[in-house]
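Presented below are the structures under discussion, each in the form of structure tokens.
In what follows, chain A forms one complex with chain B and a second complex with chain C.
Then we have the complex of A and B:
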């Protein structure tokens, strides 16, 4: 990933030197040319073509905004009811993510979507403790997080 | 009871860069816009304090092996030297000089000796803040 990005920057700089114009537009043209070349040569370069990873990041951002919108509507529907039928609970979410930044990202995404809140990470970083505002079933909650955020983060970090 | 600070530490590693960049920007913006040596120094030390909160004193002192009291002395010397430089040109103490230079990469820039004085202020502020916080933190 980082190597491909460096190579792409290098190609863009070489393109600027070849065309003897040091402007941003020339750099962008060289960068796009480098992208096409890297896409052709991807079987010789270790790792996955890095634009697919950028695409995965974009998908994760879109998913996050969709979840944010839906969860806000759900919380709104909860709090405008006179009885406030909330069932607060704390449950443990076993996570398969290993790297520090993945756990941080997952915790931030869970915390930023209303209704759920990460309280703590266990000592071995294998379990997240989550507080939910309206808790019906732990399997449902765990599976919904698994299917959305964890899958998207794994998709980003797939080498 | 040990806690797992994985979230705090990971975000610190990212945010530290942003704080330091912003502090340098504020330091150089001080002549024409709000900012300057004092605010820049406080922002830099706040970045180091964030490191101290997320990690511990030993780790940070191995990362930045700086003697902050020496830093204060150097800052005071720079400020005094900038002020005393005016004596050699037969102008009153603390008179600043500035000149426009065309620098490579940066273009036409005004170089002002007040920036050097500000660098002295910056070093003193960082040194004093970190000395206070480290002395309190090392107390057992």
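Then we have the complex of A and C:
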């Protein structure tokens, strides 16, 4: 990833030197040319083509904003009801993520999605303990959200 | 064009105000500290974020002044908001604040119990 990005910058700088014009637009043209070169030669460069990872990050961000907005509206509807039919609970959620930044990212995403709040991470960091505001009817939904988030994070970090 | 921009700005700021109001109502109405942390840490984040986006769009589209500090503020808010909620929840759980009595499941209690035992042994 870092190597490919560096190579791409290098190609862009070389392009600037070739065309003897040191402006931002020449740099961008060189960068796009370098991107095409890297894409053609991805078989010879170790690791995944780095643009696919950037694309995965963009997909994760879009997914996150969608979930954030939908779930906030759910909480709004829950709070303005006179009887407030909530059933709070703390449940364990086994996670297959291993690196620390992945777990931090996942718990931040889960916490920002209303209805769930990460209370604790177990010492072997295999389990997240989550406080859910409405356990009964949202267990499956939460699991599916978790699946989508976890899958998206794995997609970003796949080598 | 200005009308479109105005509609966008008004919509985002109204959304932000509504979510902030939901936060306040939630803080009053919800029963225990954990459910209140839900309201405080998330709807507030989203509400303030929408208001900041509205301010950014207003100064960008109407006044023609692009202020990158607002964007940085949004990002900082996003990073620190959930962590604040998590730390408040965790600290109150570990210091023994009780859950609401209508809570259904508590799978964290045995784990914390186990941890306390190990800590006392040492």
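By definition in this document, the second predicted complex is superposed on the first by the 152 of 159 C-alpha atoms of A that agree within 3 Å, B and C clash if a C-alpha of one lies under 4 Å from a C-alpha of the other, contacts with A are read in each partner's own complex, and residues count from 1 in each chain.
Keep this in mind: a contact is a pair of C-beta atoms (placed from the backbone, for glycine too) under 8 Å apart; a residue touches a chain by one contact, two chains touch by 3 or more.
Source: prediction; values computed, not measured.
Novice: Based on the superposed arrangement, let me know which partner A:135 touches: chain B (first), chain C (second), both, or neither?
Specialist: So A:135 only meets chain C here.
Novice: Determine, under the contact definition given at the top, whether A:89 touches first (chain B), second (chain C), both, or neither.
Specialist: Once the two structures are laid over each other on A, A:89 reaches chain C alone.
Novice: Taking the superposition as given, does A:29 touch the first partner, chain B, the second, chain C, both, or neither?
Specialist: neither
Novice: Specify the partner with more touching residues on chain A, choosing between chain B and chain C.
Specialist: For chain A, the partner with the higher number of touched residues is C.
Novice: Output check: A:101 vs chain B and chain C. Expected answer is one of first, second, both, neither. What do you get?
Specialist: Touch partner of A:101: chain B, not chain C.
Novice: Thinking of the overlay built on chain A, is A:122 touched by chain B (first), by chain C (second), by both, or by neither?
Specialist: A:122 contacts both chain B and chain C.
Novice: Both chain B and chain C contact which residues of chain A?
Specialist: Residues 107-108, 118, 120, 122-123, which sit in both footprints.
Novice: Which of the residues in chain A come into contact with chain B in the complex?
Specialist: Checking each residue of chain A against chain B gives 100-101, 103-104, 107-108, 118, 120-123, 125.
Novice: Touching chain A in the complex: which residues of chain B?
Specialist: Going through chain B, the ones touching chain A are 2-4, 6-7, 9-11.
Novice: What part of chain C is in contact with chain A in the complex they form?
Specialist: 18-19, 22, 25-26, 29-30, 32, 34-35, 37-39, 41-43, 45-46, 78-79, 81-83, 85-86, 89-90, 93, 99-100, 102-109, 111-112, 115
Novice: Inside the complex, what are the residues of chain A that reach chain C?
Specialist: Going through chain A, the ones touching chain C are 68-69, 72, 75-76, 79-80, 84, 86-92, 107-109, 111-115, 117-120, 122-123, 129, 131, 133, 135-136.
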